[in-house]
Structure formats: structure tokens, C-alpha cells
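Listed after this line are the structures, all set down as C-alpha cells.
Both complexes below contain subunit A, partnered by subunit B and then by subunit C.
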Partner chain A sequence: MWLALREIARSKGRFALLGGAIGLLVFLNLFQQALLNGLVTDFIGAVENQNSPVLVFSEQARKNVEGSFLSQDQADAIAAVEGVADTALIGQNTFTVLAGGDDADAVLFGYELGGLGEPTALVEGTLPQGANLAVATEADADAGFGIGDEITILADGGPVITVVGLASESRWAVTPTLFVSYETFEAAQLAVNPGSEVVLPSLVAVQPDDGTDLDALTDAIDASVPGTEALTNQEAIDGNPAVVNTSQSFNIILTLGFVVVLVVVAFFFLILTVQKARPLTLLRAVGAPRAFLVRNLVIQIVLVMAAGIAAGLVLTFLAVVTAPVGDVAISVRPSTAISTVLTLFVLALIAGIASIRRVLRIDPIDATVDAA
Partner chain B sequence: MRLAMRELIRRPARFVSAAGPLTLLVLLMLFLGWLLDGLFLGSTGAIRAHGADGFVFSADARESLLRSSVDEGDLNAIAAVDGVESVSGIGVSLLGAEVPGEDDVANVVVAGYQLAGGVLPEPPAPGTAWADRQFNALGAGIGDVVLVGPAATPIEIVGWVDDTNYLLLNTLWVDPETWREIQNANRPDAIVAPGEFQVAAVTTVDGIDEAAVRSAIDATLGTETLTEQEAVLAIPGVPEQNATIGAVIYATAVVVALVVGLFFALITLERTGIYALLKAIGVHNRSLAVGLVTQALLVALVAFIAGGAFGLFLGSVMPAEVPLELSVGRAVFVLIAVAVAAVAGSLASLRRIVRIDPASAIGAGV
Partner chain C sequence: MPALEFHEVNKTYRTGGTDIVALDHANLTVDDDEIVALLGPSGSGKTTLLSIAGGLLTPTNGAVHVGGNDITSYSAKELTQFRARSVGFVFQTVNLVPFLTARENLLVVARITGLPSKTAARRADTLLKELGLDHRAQNLPTQLSGGERQRVAIGRALMNEPELVLFDEPTSALDTSLGEQVMELIRKEVKGRETASVIVTHDTRMTAHADRTIHIVDGRLDAGAAQPA
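Take a look at the complex of A and B:
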């Protein structure tokens, strides 16, 4: 152990460079995951944190809430499918509003009060008990969406909505979101589209009968009601086009980042081992067991990785706290940080295999041979 | 410098340690850049397609294409503003569509427009569309009929246009009446009136102060007129994409500098004795530094070529959902960034070279 530490102390520059490079790579990796987590939560929080276990989209929408609208006939047919205990209409749209004295964008989720589609992550205040009342998103409370604030839909006859509660992680499309009664949503829609003949629901929320298999129920709805696509809440989240596109791209980038760490650590310690071949041979010749040399190597890998990871974690924390990206509330989940750190340690040890093999191949008799 | 080149040629294995990680970092930077370009171009083509000098949004739209509304009266008033050469109304509908040969419904944009401009020819005949060439990837061809929306409104593809997509969705360009029919048939909750559009694309007279014309339009109509660049950046998600992926690219460039610095520090350490000998026979520090920087640049170039080749391969096997735009401009940017980072990283070893004592070549002080 002391040998490994003394070598690091005497070659601070080299190990600091490696630690710095790993620190930055860890930061890149964690920051991207924080961004992905923040983006995904801000994209789909409103659906993730509502109480309907099954949501029915129009088939044409391809799991996109904005593109989904269903007819009353379809809503009635869904209610009649075997295994459906209850249904409710959900309306969704983005509006220009006056909030806190400024124009702003806001997403309205209209649901039947007391029923399906109700927000489940209330952290302050109450759920709406009538028309023109709303639960807003906690992240936007200081932007004119706090409890008691009035939000006006900017259109002739647009309703004035009062915030009575706040919910966490319940935004939609990275925009302030208001959960209101379905009637309030209809009033807002008609105000901005005065020529419209009808207000159509975006989704139909479904409560299954007790003991009903959700997958079987969604299949039954798809088969029974033409032009619909029923999804469990989790399927609606995972299949959201924004989530699918963002996750795919980020996962490729994250994978490349992990591979870079693996290669950098592997080459660094391999070069170091080759450069130290003669002293290592000498150590073996004077009786140092193989395990001793391998242990020192592993200790160095673990120490450099620990330092790099610590630096990366600090950088990530500072970036998350001080550098918000637009309106996205970026955050690192502890589980994500722990799994990333463990993965990096495992990758670093895998990266050290080539160096370990080199150490194990050292023959003490070579110490008696003139290197020249 | 010749010595440095010869070392590279005769002992290439010595530099694999630096070139390997660098290749992966180049691949990462290229992939990020191509992804950023793909996301940007795929999201903004429908705005850039018109080659307009300004886009007029209604004041309450907050620069949202989908929430904006301008009517015939607005278009006439805009056309009457001094310095305005032409005005073209634009409207878009986001709908599902059945494309021949495809089992799944595709998301498409149906865009109505009035005048030719930019990459768009004159609007096609009613019921037909110029399709973005990306429709090829869906298996559609000229003469095919796409059924749009729940009402399955038929549109025949009669020609192709390039780089005109919106929000990463393939766009069908139709005449204004066809767009209104499709919108009203398929979105009865968002009816558009005769003569109504969402925004107006404005072209100004050559040589005129475009900003003054845009201000005059807003002063006259109470609208919000944006430049093309502003309209592009008003598309949801575009500024955030640019900021975040751009930041990751620059951070990766810093990692490149650190990695180059790290590996050249190791290589320099390995050659301390040789450097001492060279200095003892009169080679200047500057010559050694030039040789080192040359080696770093050549290693960076090899890594760029290898990373680029990997990137092209990766780009060719990526699923269609990953919007990569394999642009030469981005590759040149990455090459320059990697070269600068390689020079910066290699210079980290300069201090060690300067400190080498030529006398140590003959064992003095050891």
C-alpha cells in the first residue's frame, strides 16, 4: 500500500492529469444523465404523476398527447369494454397566459375533478374543488404560478384560473403545467378557438376492474374501439416520442463516455507498468510476491478512480446547482450516481487487467540479465 | 522535427496509447456534433425553407407557430408596409398519416403556403403536395397517396423538396386551401377560417433596412415580427438543445487536451534520457518542443481519421429515430478543436523538457 501511495506522491503530475481527465469524464457522464433525468421528468411528469393506470390515445397520435384527440363515440365505446370499471375524459393543450404580470406559456390538463387524471404529487395546498381552480407545478411557483396567483388565458373570454395547490415533478413538455377541471379546459379551448364546433378530449383515462390484467385490457380496448391505442401509464411514459428520441441519443453518448474511461485508464496503467518493468522485476527478484505487486496496482487504480470520481461528483453538483439549462430542472438521482460510480469502478478494474497480466508475467530471473 | 517524424514512422506503437483514447473522444465529439446538427436542421427546416427576411406572429402567440394566427386583413396590411416586397401566409398541422407500404402510422406536418421562396416552388395543385425528401425513408414515392389524419384525407406526392422538416417530422407542402381543408376535417377542435394562416413570411426590398421594416410591421399591426434566426430559436427545445449539446462538446474538447497532455507526459518521461543526450549535442529546447507538438498534431490527425471512419460507420447503422446529420462543416470544426486541444495538451510536457539537464546525459548529478 505504502509503495503505491509513495509512487503517486512522487509522480503527482501524471496521476493528477489522469485524475483530472477521469474527473471531467465522470462529470460529463453524470451531467448528461442529470440532464436526461431532468428532461424526461419535465417532459412527462404530468402523466407520470397522475392517478390513471391506463390512458387511451387516438391511434394516429402515435403516443403523442399533443396529437391525440378522441370522439365522444370512442370514449363511450371504451367505457363499454369488458374489464373497464370507470373512465374519464382528459384534455390537454398549451396556452398563452398572463402569469405574474407577464405573458407566459402554460399547459392545461383538464380532468374530471375527484376522478381519473388527478395529480398525485401534491406537496402544498389542495386539489381543485371547482371550476377555474388549479394545481400548478412547484418548479414554477416563483414565476407567477404560486398558490393564490391568478393566471389568465389570453383570449377573449379566457378563464381566470387561481392556483390552489402545488405538485412536484408534474410538468409537461418543460412548461408550467396546470391541472384544472375539464370544464375549465373546455372554456380555455373555446376561448382560443372561437370557431371550433366542439372541444375534443385528448385522452380517455381508464380505471380497470379489480384483478384485471392491464396488458389484456389495453389489448381489448385496441381491438374493440377502432382508431384507439390504449397504454398503461408506464407505456405512455416510455413511449412518449420526446422521451424515446432523447433517451436513445443520450444512451449512445453515455456508452461512448464509459468506453473512453475504460480505454484511458487501460492505456495509462499499461504504459506505467511497461515503464516500471525493470524495478518491478527487481522487486520480484528480491522476494516480492506477485500478489503484492498486483495489490499495489489495484490500489493505484482505485485511488485514482476515487479521486477522479470525487472531482466529477463535485463538478456535477456545482453544475446542477449553479447552471440551470433553460427551464429544465436538472437533477441527479442518488441511484443514478451510485450505479454510475460502481460501473466506473468495475470498468476501471477491467481496464487494469492488461496491466495486471503484464505484472503476473514478470520473471524474476530477468533481473539478472543485463538490460543493455 | 524530422527526428519526431521518423520516430512516429518507425515506432508507431509508442503512440497508440495516445491515439486510441483520442480516437474515441473524436468519435464522441463528432457524434455529438452530428446529433446536434441533425436535431437542429430536422426541427427548423420548415422555417428556413422560405428564405424569408422576417416572420410575423400574432402578439399573443408568444412566438409559437402553432398558437399564432394572422388573417387576410393582416396579410394585406403587412404587404402595404413600406419596404415589404412580398408576403406569404403559412399554416401547419401536426397529424398522423398512413404512408403506402408502411404498417405503422407516421407523424407528419402538413404545411400550407402561398408563395414560392427559398427551396419551395410555387404551391402545388389542390390535393397534391411537395414532400420532404425524408419521406423516401418511409418508403413513399412520387405518385403515392398519403392518407392524412383521422379523416384519412388523401394527398398525392408530386415532387420533392429538401431540408424542410419541422420538429423532426416529415413535411408535406400544400396550397393554402388544401391545408385548411385538412386542418378543419381532422382537427374540429381547432378550426381555421377562410383566409386565415398562422404566420406570415415576409420578404423585404433589396438594400432596405430589414430591422426597420420588421419594426414598422409590428408598429402597424401590433404583431411580433422575428428574423429567421429568431424564429428558428423560438421553436420549442431548439435553444436548449444547442446550449446543452454544445456545452458537452466543449467539455469533451477539454478532456481531449487533458488526455493528450497525460499521454505525452508519459511519452516525454520515457524519453528523458534521449532528450538529455540531444540537448548535450546542441539541440535547442525549441526544436524539441516543435517535434513534440508535431507528433501531437499528427496523432490528433490519425485519431480524427480513425474516429471519423468509426463515426461514419456508426452513422450508417443508427436507427432512423436518431437524427444524425453527417456534415463536413461539423467534421472540420471537430478537427480544429482536436488539433488545438492536442497542441495545448502537448505543451504541458514542455516544462519537463526545458528542465532536463544536458549534463545528465553523461551521468553528472545522478
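Take a look at the complex of A and C:
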């Protein structure tokens, strides 16, 4: 530590530059992850923050709620599968609405009140207790979806829905979302499709018997009810096509960010080690063990990374607090930040291997050789 | 007990399929408070002898004793410890760590050997004062003159209170007057500590400061080198 700190103190500029570069890369990485989290939450918050542990899709929908339609026969068959304690219908569709005096898109999630599919992140007001009442999403309260606001489905006979509660992080497809009774959803569907004779549910929500293994249950439903795909809530989130595509794009960028950190740290310390080969040789010649020099190198890597990461965290915090991206609620999850920090430390130590190998190869006899 | 003994020491390098003899049946004894000047032309084996005495090189065969211990049997790790605790080095060119002050260049030896920090600080301050460098303690090597840098290197070599101090051309980068001053300082510091030392030089004027001068040519020492003064 003593030697490492003195070298840093005498070369503040170059170590500050590296720390700053690491800080910016950490900021970039964490901010992108925060943006990804915000986007993902805005894509699938309505499913993530509802109370059904298992959702059954139509098989052809390929995990896409918008493309999923189930028949009443399938819903009945699902209810009859062993291990299923309760089921409920969920309807989902996007409607053009009048909200706050303007036309807007809104997603309706119709569920059986008091049952499965109910929103779990209520932050204000109450859950709907009857027809034409809704829980809206907190992020859209100022856009005509606040408590007491009336939202009209723009179609002949379209229901007028009154917001009675607000839920956080419960949007669907980055669109204002309303949780309403299944009957309200059916009324909205029939209003926009007046020729329809029946409204098909999008999903069937399933409550398993106590102690039932969820994976075994979803397998059993898939096997028992043709044309369905049962998913746990997490599987429904992770498998959502929008989430998959967005995550893949972001993950490529995030991976490149990690690679850049690896390369920057590796080159910096390798160049530094090459530049100070003579004093390191001298120290080996006067009795410094290899471990002494390697320890100092590792300490420098850890200190620079810690300073850079701290700077990156502060920048990210400031950016998340002060710079909202459109109406996407960006947030850094502590677990994401911790895993990113640990990954960066591991990558930095891997990046230091080239420098460590260089230090280990130093031959003290070279101290007797005239470099000039 | 002699501070340094070489008994029939050979060192052969193999280069391009040819054996080059750097030391040829070298026999040498240096008493525990003796200053020996090792004089020889370039390529005569002076630095090789010094490197073997200091545990930087191992001989091809023969026995080397420092303070009564046979260092030829030491492992690489033991040789590293030996260099840290028993030997002081002043090299020809590379002597100071550029990002450490004069005082820290002495203290780094204590960090390597694990000397308690208070003892180390006291010893470093005493050495810097003896070497006339107490006012330059906080200066980096780039802020010191050539003579001052060499004095710091002498201080560093004495910091671990070694049994043997090895000097490789300590005055080669200095003018004659400064070289004389450095040699006088070496003699004063080494004799004051009753420490043995070997000074490699090709400058005959510097041998006046030694108790004994031994010549080396083509890896062979004077016949009487094994007899202490």
C-alpha cells in the first residue's frame, strides 16, 4: 500500500485520467442499464406488478400478450388441471381514448375484481370496486389519468372510465395503462368491435395449490391443454418479445462497455509497468519479493477502479435524479449496481494479468546492466 | 569470520553455442571490516563477481560464503531474502526509484524487510544527516544532483545494516572531484559501521580509498586475493 500510494501521489495526473475514464465508462454502463430497466419496466410493468404467479398464453402468441387469445373451453380445461387452485380471465388490448381533453392511446387490462390479475403496486387511491372504475399508472397521472379523471373509450357506446387509484411501475408497452374489471374490458372491446359476438380473454391467470411447484404446473398445463403455453410471471416478463429485443440490443452495448474497461485498464497498467521497469528491477535487486511488487500493482488497480466506480456511481445518481429520459422512469436497481461493480473489479484484475506477468518476469540481474 | 569468501568459483555463460568464462576459479576472502577495490578492464568479470557475491547470480560451480553462510545452496526465494537483509547494493546506473523522495528511497528498504516504521524513520534520518542530505530528504531524484543521487544510493545500501556492501562503479558517472568525495564518504560510512565492502572500479585513482586492491583480468583474480589484508 505504501509504495502504491506514493506512486499515485507523485503521478496524480495520469492516475486521475484513468480514474476519470473509468468513471465515465461506469456512468455510461450504469446509465444504460438504468435506461434498460426503465424501458423494460415500462414494457411489462403491468404483468410484473400483478398478483397472478402463472399466466397462460395461447401457444401461437409466442409469449406476446397482444397476440394471445384463449377460448372458454381452454380456460375451463386449465382450471381442471391438477395443482390449479383458481383461475381468472384477463383481457388486454390497446384503445384510443379521450383523456385530459386529448386523444391518446391507453392499454386496458381487464381482470376479475378481487381476484387474479389485480395490480399490486397501488400507491394512491383504491382498487376498482365495480364497473367503469380503474387503477391507472402513476407516471401518467398528469396526462389525464389522475385520480378522478374520466377516460372515454373512443367508440360508439364506449365506456367512460373513472380513475380511482394509481399504481407505480405498472405500464404496458410504454403506454398509459388502466386496470379495470373484466366486464369493463368486454364493454370496451365490444364498443370498438360492434360486430363481435364474444370477447375472448387474452390470458388465463392461475393460482396454484399450496406447495405446487410452478415449473411442474406450467408443464402440466402445457401437456393437458392443447394450444396453450403456461408461463410463470418471471418467464412471461423475460420472454416478452419487446423485452427480449430491447435487452439484446442493450446487452451488446453493455458488453462493449465492459470490454472497453478491460482494454483501457490493461493497456494503462501495462504501459505504466513497462515505463517503470528499471525501478522495479532495482527493487527486485535490493530484495523486494515478486509478491511485494505484484501486491502494489493490484492495490493500484483496486484503488483506481474504486475511485472510478465511485465517480461513476455519483454521476449515474445525479443523471437518474436530474435527467429523466422522456416519460420513461429510469432507475438503477441496487442488485444491478452491485453486480456491475463486482464485474468491473473482476475485469480490472483480469486486465492486470498482463502487467502482473510483466512484473513476474523481471530479472534482478538487469539492475547491473547499464540501460544507456 | 570473513564477510565474504569465494572458493574456486566459476561462472560460464553459454552464448551461441560457445561457452564464455566470466569467472575462472575465483578465490577471494574479504574480512568483515575490509574495503576491497576490484580493479579490471571492461568485460573482465568484475560485475559478474559482484553479482554472485550479492546473490543476483548463481555460480556455475564453486562455493560462496557471506557471513559464514553458503549462499550457493539458497533457493531463489532465499536469495531474495538474502539480498534484502544481508547485502547493500550501489549499482552503476539504476539506483533510485524516481517516484520516491530521497528519504522514501531509504525507507522502501525497510518496507521490504519489514523493519518497524519508527526504527526505519530514525535510521533513515540518521543516514541522511551523515550523508549531508538532511535538507534534501523530501526531494525527488530528478531534483538532486548526480553526487546527491549517489549519496542517497549509499544511504539506501546501508539502510538494512548489511554484512556486505557492494559498489559497482560508484563514481563512473561523476567527475574526479565528486568521485573522490563519494569515495571518501563510502570509506567513512563503511568503516564507521565495520562493514565489509567490495568496490568494483576501472579507475585506479579510486583504489587509494580501499584497504586492498585486487585485479581481475579475463575472469581470473590475483593469486593473493584469497588472503585477507
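The criterion applied here is as follows: the second predicted complex is superposed on the first by the 334 of 372 C-alpha atoms of A that agree within 3 Å, B and C clash if a C-alpha of one lies under 4 Å from a C-alpha of the other, contacts with A are read in each partner's own complex, and residues count from 1 in each chain.
Operating definition for what follows: a contact is a pair of C-beta atoms (placed from the backbone, for glycine too) under 8 Å apart; a residue touches a chain by one contact, two chains touch by 3 or more.
Every value quoted in this text rests on a predicted model; they were computed, and no experiment measured them.
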{"item": "Touching partner for A:I253 - first (subunit B), second (subunit C), both, neither", "value": "first"}
{"item": "Which of subunit B and subunit C A:E124 touches, first, second, both or neither", "value": "neither"}
{"item": "Partner chain(s) touched by A:E59 [first = subunit B, second = subunit C, both, neither]", "value": "first"}
{"item": "Contacts of A:P364 with subunit B and subunit C, given as first, second, both or neither", "value": "second"}
{"item": "Which superposed partner A:E235 touches (first subunit B, second subunit C, both, neither)", "value": "neither"}
{"item": "Touched partner set for A:E7, first subunit B, second subunit C, both or neither", "value": "second"}
{"item": "Broader residue contact with subunit A after superposition on the shared chain, subunit B or subunit C", "value": "B"}
{"item": "Which of subunit B and subunit C A:N245 touches, first, second, both or neither", "value": "first"}
{"item": "Where subunit A meets both subunit C and subunit B, residue numbers", "value": "none"}
{"item": "Partner subunit A, residues of subunit C touching it in the complex", "value": "47, 50-51, 56-57, 77, 80-85, 87, 89, 91-100, 104, 108-109, 111-113, 140, 156, 160, 168"}
{"item": "Subunit B-facing residues of subunit A, complex", "value": "13-14, 17-18, 20-21, 24-25, 27-28, 31-32, 35, 58-62, 64, 66-67, 69, 94-96, 103-105, 154-155, 173-174, 189, 192-193, 195-200, 227, 241, 244-245, 248-249, 252-253, 256-257, 259-260, 263-264, 267-268, 270-272, 275, 325-328"}
{"item": "Of all residues in subunit A, those that touch subunit C in their complex", "value": "2-3, 6-7, 10-11, 276, 278-279, 281-289, 292, 364-365, 367-368, 370-372"}
{"item": "Touching residues on subunit B, where the partner in the complex is subunit A", "value": "16-18, 20-21, 24-25, 27-28, 31-32, 35, 39, 60-62, 64, 66-67, 94-96, 104-107, 149-150, 168, 187-193, 236-237, 239-240, 243-244, 248, 251-252, 254-255, 258-259, 261-263, 265-266, 269-270, 318-319, 321-323, 348"}
